[in-house]
Structures are given as C-alpha cells and as structure tokens.
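Note that subunit A is present in both complexes that follow, paired respectively with subunit B and with subunit C.
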Partner chain A sequence: MKKFWIALFMLVPILALWSCYVAPERGWWFPGTTGPYGGEAASPMGRRIDDLFYMILAITTVTFIGTQLALGYVLWTGARRGDAGSGEKAWFSHGSHNLEVIWSIVPAGILLFIALYQMDVVAAIRFKSEFPEQVQNRPLAEVTARQFEWRIRYPGFDANGNLLPLMADPQPTDLYAVNDLRLPAAQPVMINLRTDDVQHAFFLPELRVKQDAVPGLTIPVWFEADRADEFTLLCAELCGWGHYKMRARFVALREPDFLQYLRDLQAQQDYDGVPDAADEE
Partner chain B sequence: MSSISSTATGSHGSSVHDHVQGHDLTHGHGHGHGHGQSFISKYVFSTDHKVIGIQFLCTTLLMLIVGGALALGVRWQLAWGMETMPFFGLLFKTEGGQISPDFYTMLFTMHATVMIFLVIIPVLAGAFGNFLIPLMIGADDMAFPVLNMLSYWFMWPAIGFFGLSFLSAGYGAAAGWTSYPLLSALAEAAPGSGWAQNWWLIGLTFVGVSSMMGSVNYMTTIINMRAPGMTLFRMPLTIWAMFITAILQAFALPVLTAAGFMLVADRLLGTCFFIPAGIIVNNADPTVGGGQPLLWQHLFWFYSHPAVYIMLLPAMGMVSDMLSCMARKPIFGYKPMVYSMAAIAGLGFIVWGHHMFTSGMNPALGMTFMVSTVMIALPSAVKVFNWIGTLWGGRLEFNTVLLNSVAFVSMFIIGGLSGIFMAAVPVDIYIHDTYFIVAHFHYVLFGATLFGVFGAIQFWYPKMFGRMMSERIGKLHFLLTFIGFNGTFFPMHLLGVAGMPRRYANPYMYPYLNHLLDMNQFMTVCAILMGLAQFLLLGNFLFSLKFGTPCGRNPWNANGLEWAAPSPPGHGNFDVPPICYRGPYEYSSPGAPEGEDHWMQTDPRGKGWKPPAEH
Partner chain C sequence: MIRSVFHRLLTAVSGRPAAALAALVLCGAAQGCGRQEAQFTHRAGFENLMPEAQSYVHEALEQHFGTPTQVVAWEQLPIKLHAAAGAVGAAPDARSIAVNYSQQNLPIEPGLQTAWLSGPLLQSQGDPAWVEAVDVAGRIMFEQPLASVPAEGDRVAIGPGEVLRYGRVLYAEHCQHCHGVSGDAQGPTASYLNPRPRDFRRGIFKFTTTTASNRASRADLARVIENGVPGTYMPSFKLLSDAESMAIIEYVLFLSMRGEVEYQLVTQLGNDYSNQAVKDRIDGGETRKGILDEFTGMVNGGDMQEQFNETVESIVTRWVEANEPEAIIVPGAKRPPATPESIARGRMLYLSQDLNCVACHGEAALGDGPQSYSITKNAAGEDNPTPGLYDEWGNLVKPRNLTQGIYRGGRRPIDLFARLHGGIKGTPMPAFGGKKTDEELWDLVNYILSVPFEVRHPGDGLKEARPVVEDVEQVATR
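After this line comes the complex of A and B, so read on.
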C-alpha cells in the first residue's frame, strides 16, 4: 500500500509534465498564430512576454521536478525504514546549517535574477517615457468601456482631408464605432483607455495586452500588431452580469486601409439621406 | 488549574500508556471547573477554549458544504451551461432551469466569500488556534475566555448577514469577493449591488471583529501563559504560526474594516471615498464626488494579501508538527522554519500591489512590488526544503495524517511555483484575471491549506473527542479528494495560458476558447467527485464520535504538551501542571528514555535523571 501512495504522489509531476508537453498540439496553450511552441504572440512585445514566461517556466520546471523527485526519494526510503521488520531508527538530526545557507542563497540569487530580468519589459510596456517615439502623446483612438460594450472614438479629418489629432474632449469632427477597434498594423499605436461606468479591462489575448479601465482615469496603452489581421478584444475585469459578453474585435489594417476606413466612417456619419446630385441625373 | 489528584505518571509517555488509557476513560473528564455547569454554559455559550474550538470546527465544516455547493454551481455552468442546473436551477424554472449570468456572478462571489471568510480563516485560527494554543503551551485556557466566546458568537451575525445577502434582490452580492468599486459602490451597477452588497459588507465587518478578538487573545495567551520551561524556541511550529498569524491579523484587519465602513458610507451616507465625479451607470444620474476607486484596491489588498498568509501559515505550522511526528524525526531546521514564517509575514505586508499590476497605478510602484513579491518565494522555498529534509531519513508511518501532510507539501510546491509567474509584471499582464490565477490560489488555499486541515482533523481528533477517526475512510477520503482536486485544478493552468478569463458566465462565445469545453467538462466531473468525497470526511467525523476506537492520552506517541493532557481534556486542561523540559521535536533522540522513539516535552527523564525516592 505504501508503494501505491508513493506512486500516487509521483503521478502528479508525471501527469503535470505530460499535460504541459501535449498542451500546444491540443490547443491548451497560448492563443495566437502557430509558432514553434504552439500559439505565438501576434506582437513584438507579446513575444517578449512569452519569452519571459518560457524563462520562468524553465526555472520552475527544473525546481518542480527536483523537489518532487526529492519528495519521492525521501518517501521511498522512509517507507522502507518504517517496514514492520525493520529495526532501523529514524536519522536523528536537527538540520544542517550549511544546507540552509545553500538553499537560501541559491534561490535568492535566482529569484532576484528573475525579478530584475523583467524590468526592461515592464518599463517598455508601462512607462510613458519609454513608449516608442512615434506614439508618444499621439493616441489614435479613445476606447471607452461601458456595460457591456466598447465605444471607440477616432479623430476626424480637417477640411483638407488631413487626419486631425485626437483631442481629450469629444470634437464635432470625431468619428465613432462600437465594438470594432481598427488601427494600423506593423507599427506601434496608442489608445487612450477610459470607462463610462464601472471598472473594466482591455484585453487582447493574441497580443498579450491587458490594462484596466478605471473610473475617473484616462490610461494610455500602446501595442503593435505584426500584421493586418483580426484579433479578439474582450473584458478582463468583472464589470457586472454581462461581463462575459463584452465581445469586440480589434482589426489591424495596413495604414492606407486604416485611413480609408476612417474616411468610410466619416462618409457614413455625414450621410444626410439626400442622394448625391450626381446620382439624380 | 484542575485538581492534581490524578496520577502524575500521565506525563511520562507511552511506557505507562495502558495505565493512562484506563485512567482517561473513567476519570478524564470531570476534573476541574466542568462540574455543575448548565448545558447552555457548557456547550453553547462556553468560555472553554476547547469547546469554542470545536464549535468553530463544526461551523466551518458546515460552511464547507455551503461553499462547496456554490463552487459546484460555478463548475456546472462552465461545463453544461445550457442545461438545467441541479438544485439552483429550481430558482430559474421559467428559464428552463438555466441560471442567469448575474446569478453566476453571485455564485463565484459567494463561493469565495464563504470559503475564505467562513471556512479557511475560521478553521485555522478559530478552530485549531483555539483548540491547540492553550494545550500546546501548557495553559489552562485562553487569556480572555469571554472575549474568546464572543469571537465565536460574532461569526453567527456574519453568517446571518451573508444569508440576508442571499435573500436580497439578485440572490446575493455579485461584485466578486474583492468587491471593487464602482460595481460594488453604486446600487444601479448590477442586480446584486443593492442591499445584497450592504449585507455583504456588514457581514464582512462581523467576520473582521471576530478575527480581531481572536487575534488579541492569541497574542496575549502565547506571550503570557506559557508553562514553565516553554521558552519561545521550545514552542511547536504550530504555535509560532498561530502567533505570527495573530500579529498579521492585528495589523492588517483594521484597514479592511475601515475600508468596509468607507464603502458602506459611500453607499448609504452619500460620501465619495471611492466614487469619482461624472460617472453614469445604467442611465442613473451622474455621480458627484472626487473619489478614487483604486484606493479601495490598495486598502482591500493591504488586508487581503496578508490574509492569504493568515490562510496558510497556521496550516504550515500544523503540517510541520504532523510531518515530524509521522517521520519520527526532529524538524529539519527548526529556527529557519520560524524565521521563514516571520519573513513571509513581514514581506506579506509589502507585496499587496501585485494584485494591481494591470490596475493603472503608478508603474514604478509595480516594479517595487514585483521585487518584493518574487522574493517572498524565498522563505516559502526554504520551508519546502526543510519539510523534505524532515522526511529525509525518517521512519515514515503511512497513515492519513502523513498522506495529507505530504499532499500539502506537494501541492504547495505547485502553488508556490505558479506564483512566480504572476509575480513577474510582464507575464502577469497576460495571465492576470485568467484561470491561471484561479489555479494558483486553489493550489495554495485548497491544495495546501485544506489538505493540511484534513490531516490536522485526523491528527487532533483523538485529543478533541477521545476517539480515533477511521483510518480506512480517512485514506479513501484522501485518495478521492487528491485525485478530484488535481483533476479539477491542474487543467486551470492550461486554461489560463490559453487565455480563458475568470468570471465568465459563458466563455465559449469566443472562438479562441471554444475548444476548451471538453476540458471544462472533465474538470467539473472531477470537482463533483471531490465534492462527494467530502461526505466521507463528514461521515467519518460524526461516525467516529460514537464508534471510533477509544484512545489514550498520546495515541501518536507525539511529544507536544497537548498529549500529556487527558483525551479529551477536562475544563482546565491539565490534571498535572505541565513543565516543559525540551523542544517539541525530540523524536528518535539518543537521549530519550530506553525503548522509546519519542521524548515528550513534559518528560523529566533524561541524562542524569533519577526516579524520585518515593513514587
């Protein structure tokens, strides 16, 4: 029976490793385009986040296997010593100072390394001063969450057809869309994130982007989609009964297509119901 | 102190076992102050720490059923959301038994509330803290027995108010157990944000007051009432854990209580601590004010992160004691164990911001919180190494206590390692509010703490009731719970990596999550297995009260002071005032009396000891 229990405990690391090993091919892994590990992030920053994830995964997996094997070993030898016929006594020991020092300092070094290794990426994602130059103070859209949808406000065009900068307050020229965020692909873009009511969170799983929308705050968020494609946008902070249904899409477009999209939006918004004079004839 | 008329051999350990056993069964109770008490003062409004501890234990086991039922509701919805939900579906007859999304938000909110505030915190500090502290340090009761009684009876208003929350519109508070404003601050925000939320907040306050009274009592008792010879570094790790937990509660809880009152004031008195101006919720009038919702998150997590350790440290202490006893070996590195618990508690106060990495607080703060959070893994790692060291070279007794304690260590390794992922800000940005987080804290709070509690129930049950629990049922309960637990919670890591958000009534409307339904159904089957297995525990608990094998003072041949008292101890605990001669982990010591592998703390025999002339 002892062997059964030890086998049960050792089944945990075996099944854990197996399930992680087969996860990518079964779709139990990162969403995104298919890469060497399964889902690869669709943004440069997303790939940096994934790399950090894999680094931590490597360190924790080694630790996990090591500690679980050690546990299995001490259970196995301890079971033998406790057998009915065995007269062997337990090892009388209050511990080992040297071991304590080793297993305090080594993990401390590794953990400190893990923490410090993240710093650059944290700064690049979150610090306004570290944002890519082309997006600094140049938001392309304002995304406002509300129960239970995403409202998007783009700047409009001036009389000469040039794109205006996005103002903090709504302008008569602004363009609007709901649950459909479209921005240029293959370049860093920035949005201003707000909420009309309760707290929400802006989550682009394929791009590994997440930022809470906090009542009373306007929070800049930047990201970069690799290519023109359609991605999922959803809410990641409990916002009420309809939290699960704040489904929207983020469409990354080539820059000319993006401008054309805004022009189409403007045309729709300016449409007055009167057919064009040209069509009359 | 109770009368000393009984034989003094009781403290001499197993060489006199049979004699003591016979003694216990006939005279074990009845010594001391127990005489002439009415039923009410003895079993209901009792000031005896043991009765209060057992009251806490029974209450929390009852609440475990409630919390478990709510959890199974959540699991059912994620597996068969389009089907009639058993039991809860009766409330939704007109909808064909399919629950509504707001009911779903209520289910996970109240599941967490019940499990955290009515099960895990009170079962550790309330039940085992109360029962064990005076016994393990050799005191006859708590320092403030009446306060102790009140700490239990303040739980019932809390349960009542949470119950009222269920009866209010929306069937209960539904803003998550974290109750972030504005969802929790404005009644218009959700069906459960009306009076259900008020009752929830008031209930929370009562839980806080109850914990506070306990914490003051534990600190005073441990500092002042230790038996002669029980120096601080001769205290069992359970007592160290309870002591550190009490300090955590004393310093963290007032913040939550204050925050709770501020939120109640925002809701009922028109203040605006957390409510900014100009917010329009559900077409209600715009709010006035200049509050800051992030303030709540800071205050809430300033309590609730230390609370995570309040929910873990006592189990760590108890598991240390149980492992040492079942391995017949001293704790490996007693002092590092104490220092690492102190380090966890100290660091525990400066890591709360890791719950807010995506919240929009100053990102520079996120960096400092990241470093402190990653570093808190260090004392946890030291503890794991020392537990494995304790088993290393041991003479293991493969009983229910050992199995549950080893499960604690094994599951804590997983829960601890997964914590490193979310301590790292960039990775947390992705996995925050996904099922990865849910996996992590269930591995710590269920995988570690509850397995520790299951072991502790089996281990100290003989001291509580004078009878052993069934090993056979105990092992079966462990087996099913262990399988069900891992089957339910390990796949959550994968769901989280796949980007499945928490708290979604229907995640499958997103194409990238569609294929995860099978896995969720598998998890729900495992969860149902795990839920049903808990009836084995309850059955074993109740059945053994009457039919368990009667035991003597020290059925495990353990060293602690509590095993020198009769089983169960009468009012006043010890028939012989205990004197502590050594630390609690002298198992298999070469200095121990001939033929014994344990050496009780109360045993005066040792080097140079001669039996008294007259015996």
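After this line comes the complex of A and C, so read on.
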C-alpha cells in the first residue's frame, strides 16, 4: 500500500512533465501555436520576452524535477524505515544551519539573477527613454479604450498630402476608426494609449504586448510587427460585463499600404454624399 | 429527524411522497438543468385589451411571426428570408434541379431543406427534400429522389427561413442582452444604460440617411452596427462577417416589423376593445355579450382580416420605400470648402430665429438651450415627469453638446447633412430639409464641424468664431 502512494505521488510530476511536453502541439502554448508560425512571437521584442519565459521555464523545470526526486526519495526511505523489523532511524534535520543557509541562498541567487537578467527587456518595453529612436515622441495613433470598444484616432494629412504629427488634442484633420487598428509593419511604431472610462488593457497576444490603460493617463506603447498580417487585439483587464466584446483587430501593413489606408479613410470621412461627376458618366 | 422533515415536506406538497418527489425532480430539471425557452413578450398596452382581443393579437402575431425559436418566414415581409430563392430552371429531374436565383443570401450547404413556394409540390411539404450537394454545373442535388418532379418555373426556396434563424442566433449572442428578445430594449443590461438601447418595435431609427418621412435603409442599419453609436453604449461590431451582419440586419428588420404590427393592432383594438372602452360601452347601455359578438364577428370573417392586411401592407410599403434610391438624401451640391465665410454663414443660420437651433443646443452649442430645461409635453398631452426634451420612446434626451465633436450618427459630412436634412427621427431634433437650401445646410455642417475647434473664453458671448481652416494651417506648419 505504501508503494502505491509513492507511485501515485510520483505520477503527478510525470503527468506535469508530459503535459508540458505535449502542450505546444495541442495549442496549450503561446497564442498562435496552432497557427502558421507555430507559436513564435510575431515581433522581435516578443521573441525576447519568450526567451525570458523559456529561461524561467528551464529553471523551474530543473527545480521541479529536483524537488520531486527529493520528495520521492524521502517517501521511499520513509516507507522503508516503517517496514516491520526495520531498525533504521529517521535523520533529524530540524535546526540545521547549513541546510537553511543553502536553501535561502540558492533561491535568492536565482531570483536575483532573473531580476537582473530581465531588466533590459522591461526597460525597453516600459521606459520611454529606452524606446527605439525612430518612435520616440512620434505616436502614429491614439487608441482610446472605452466600454466596450477601441476608438482610434490617426493624424490626417496637410494640404500637400504629407502625414501630420499626431497632436495630443483632436484636430480637424484627424482620422477616426473603431475596433480596427492599422499600423506599418516591420518597423517600430508607437501609439498613445488612453481610456475614456475604467481601466482596460491593450493586449496583442501574438506580439506579446500588454499594457494597462489607466484613467487620466496617456501611456505610450511601442511594438513592431515582423510582417504585414492580421493580428488579434483584445482587452486584458476585466473592465465590466461587456469585457468580452472588446475584441478588435490589429492589421500590420507595408508602409505604403498604411499611407494608402489613411488616404482611403480620409476619402471615406470626407464623403459628402454627392457621387463624383466622373462616377456618373 | 431530517428524513422526517423531508417526508413531511413532501407529503405536504401532494399527499403522495413518491409523486411529490417526481414533481420536485421535474421542477429541478426544468429550472436548473433545462434551458429557458425564449419568448416574445407583448408591448405595454396589450394588457389593457379585453381578454378576447388579447388572444386575437397574440395568435395573429404567433401565426405570422412565430416564436424566437420557431421563427415564421412570412413571405409577405420585405426581408431576406431564405438561404437562396429563385425559380426552377431547365430540365428538372428527380435527383437534381437547376435554379435561376433571384436571391442568394447564404452559401448553399448540404443538409439544407428545399421548399416549393408554388406549383404542385407546394402541398407535399410532408416529405422535405434535403440538399445533398451542389454539382459543378450549379445544380442542386437531393439526398433522396423527389417523389414528384417540380415543373420548370416553380418558385423554390433553399434553406427556407435560414437567414432569420441564423440572424436570431447571432442576435441572441451579440444584441439580446441590451435590445431584448422582442427588440423591446428590455434586455437585462438595458436598465443600466443611458441613453437606453433602441426599442425596435416602432420601426423608428434615429440615424438614417433617408428623408424625414422615410424609415431607415439597410445601409443605415449596417453602418450603425458596424461602427456603433459613439458616445453611447451601442458598441461597434466591426468584426462581424458580411453574412453575419446581413443576417443580423434582417432579424432586426423582422423584429421591427413584428413590433410595428403589434403596435398597430394594439392601438386599433385599444379604441373599442380595451377593458376601459368595454366598461364605458357597457355603462353606455351595451351588453357585454353584444360587444363580444361584435368582436367575434369582426375577427371571424368580418373586416378584421382586411384591416390586418392593410396594416401589414402599409408597414411593408414603408420599408420597401426606404430602400429605394428616391428615399436617400443626396445633397444637391457638393460640400463647399470650410472657408471662414461659409462657417460664418453657418453660424448666422445656427443663431437665427428661423431655425432656432439655439433653443435646444444653446448659443455656445453646449446643448444647454432653454428647451433642454423647460417642461415639455408627451404624446398624450401631459407634462413630462422632469423638465427637458423627450424622444418617442419616452426617454429624456439632451440636445447634443456640439463642442465635444462626438457625432452619434457618424462624422462624415453626409452624415451631418442627413441629420439636418432628415432630422433625428423619433427625437425633437427637427428636419430642416426643404426648409433651407442644400447650400445653407452645408454652411451649417461646416459650422458644426468647426465648433469643437473654436477658441472661446468666458465672456466672449457671440464673438466671431475662429475658423477651422486656420487651425489646419497651423498644424501643418508646426
């Protein structure tokens, strides 16, 4: 019976390892695992974040296997000592300074290592001074979350057809969209994130971008999509009963396509209901 | 002890423990595990009818519109009902037919039913013909050979009612919790919203590009559903596919028409056959039996059927007309550039006695004109409960604060033009089309679009507005 319990407890780590092993092919892994890119992040920063994840996964796996083996060993020897006729005595370890020092210092060292190791990535994501040169103070869109949709404001064009900079306040030339964010691909881009009401979170799972939108703040967020493609944009902060409705799309476009998109948006937004003379003929 | 309490409880329920237990289990299944069947509910005013009139209205609606889970595809309605419809084409045989489509709304998939809308097969609904596949030539092939072959030219529907069924599922998923099962704006989340969701049952929609006397077009509904209504809780459903949004629009139209028929019936019968009217008539010397006989006579073979048909006819005509090109507002002139002169002219119109925008929207366009806080009367001529303007549905509406630059009906020039030309239907915002020339309306549009960018300070009063074009130039040079 004792052996049965030991086997049962050892089954847990084995199942855990098995589920990790099959996770990727079953789509229990990163977003898009079952898609064409096999779960690889669709942005350079996303891959750096994934690397951090994998590193931590490796550390926890080694620790997990180690502790489970130790657990098995303790169970096993304990069971052996409990056998009828066994003269073995338990080893009394309580109060062992050496042991306590080891299991304080080793984890502390690992945590310190992780903390230092990820600092660059966090800084690059969060600190404006570390943003890539070309996006600093050059937001291409203002994304405003509200219950329950994403409202987007782009700068428009000047009289000569040049793209204007995005101003903090709405301008007569601005262009508007909803639930459909489009930005250039293959280059860093920056948006200003705001909310009209409660807290929301701007989440691009395939790009590993997640940033809370906080009432009263305008938060710069930058990212870079590898390729022109369509991605999911979600709200990742339970923001009310309609939270699930805040599903939108993010479309990364080639730069000329992006400008064309804005021009089309402008044409739509300027539509005055009078068909062009050319169309009528 | 517990057992005896139980026992007593159960016997108290029915006197027979076993039966009571069975009843309890059944209740549990019905409430807990079983699903609640969605039901169309009746509008206010229905309860005031005498019971016989109530059951007439109920049955008429159920017969022609069905229930949410058993929607009737009533051919009379100008709605896309079927996955596809048309006439039987050349050389029909028992295994396959060609179809000359008049409508193709949804893809034709195996397992859809085929129904004959005319011809001798119309009667043999008993054994339906299921679609097996569509062959390369586009002929519909059947799982089983048809018992008798349709004639060329017979009208045929593939997937009868499929659009409404699909629309209803999507509506239940996306819209019902606000707009309600019957389209009555009584969904569970509705009472937390301001403005309240639209009650579709009057067939009135606010943000249309049709002229003042017309209903909303399909394109108007499509635009509202795609873009939402900015500044309200009506969210954008941008990611719906074309087929999905088509089906939802048809279902919204279905609910609107059902609601309108109900409204008309309840209003018509309310004159003579409400509980109050019956009481008054009895007081006036008639007998209850006399009134009942009159009602039964009218309903069974009397002119009620004709009246019903006329009601439906007029409702249908209005929806058909709304989708015709004549109903759409097309400005007689292109929008002039927003020059300072145009904006100034628009501003003078805005302030003029004649149009009186200021009465509602206020001089500074903050939506605080005197009418927004005066006592107004409702349709029945009684004072409204609190000061301010009310819409057709009895909800308080504030004239828009135009300085915010949020336009619920859309921010394209044509949207604002249509708002001024056709008014905002169902609200006090009047229609100015015909009253002013199209050029004047464009000046107003240019002014409205410039209001959010006016720089005003306390005490400025009616100072000249700073034109919007300057702003553009400044931004460009910044």
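The rule we apply is simple: the second predicted complex is superposed on the first by the 262 of 281 C-alpha atoms of A that agree within 3 Å, B and C clash if a C-alpha of one lies under 4 Å from a C-alpha of the other, contacts with A are read in each partner's own complex, and residues count from 1 in each chain.
Criterion: contacts are C-beta pairs under 8 Å (C-beta built on N, C-alpha and C of every residue); 3 or more make two chains touch, one makes a residue touch a chain.
Given the structure is predicted, the values throughout are model-derived calculations rather than measurements.
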Is A:Gln171 in contact with subunit B, with subunit C, with both, or with neither (first, second, both, neither)? second
Output check: A:Gly242 vs subunit B and subunit C. Expected answer is one of first, second, both, neither. What do you get? both
When the two structures are overlaid on chain A, which partner does A:Leu71 contact: first (subunit B), second (subunit C), both, or neither? first
Contacts of A:Gln147 with subunit B and subunit C, given as first, second, both or neither: both
Looking at the overlay, does A:Asn179 come into contact with subunit B only (first), subunit C only (second), both, or neither? second
Which partner does A:Gln268 contact after superposing on A: first (subunit B), second (subunit C), both, neither? second
On subunit A, which partner touches more residues: subunit B or subunit C? B
First (subunit B), second (subunit C), both or neither: which does A:Ser93 touch? first
Set of subunit A residues, in rising order, touched by both subunit B and subunit C: 147, 241-242, 245, 247
Applying the document's contact rule, which stretches of subunit A touch subunit C when the two form their complex? 147-149, 151, 158-160, 162, 164-165, 167, 170-173, 176, 178-180, 241-242, 245, 247-249, 268-275
Contact footprint of subunit A on subunit C as seen in their complex: 189, 209, 227-228, 230, 233, 235-236, 238-239, 329-331, 333-335, 405, 411-414, 417-418, 449-450, 452-453, 468, 471-473, 475-476, 478
Which of the residues in subunit A come into contact with subunit B in the complex? 1-2, 5, 8-9, 12, 15-16, 19-20, 23, 27-31, 39, 46, 48-49, 52-53, 56-57, 59-60, 63-64, 67-68, 70-71, 74-75, 77-79, 81-82, 86, 88-96, 99-100, 103-104, 107-108, 111-112, 114-116, 118-119, 121-123, 125-127, 147, 196-199, 201, 203, 205-206, 208-217, 219, 232, 234-245, 247
The residues of subunit B that touch subunit A in their complex are 100-102, 104-105, 174-176, 180-183, 186, 189-191, 275-277, 279-282, 291-294, 327-334, 336, 358-360, 363-364, 366-367, 370-371, 374-375, 377-378, 381-382, 384-386, 388-389, 391-398, 403, 406-407, 409-410, 413-414, 417-418, 420-421, 423-427, 429-430, 432-434, 479, 482, 486, 490-491, 494-495, 497-499, 501-507, 509-512, 515-516, 519, 585, 587-590, 597
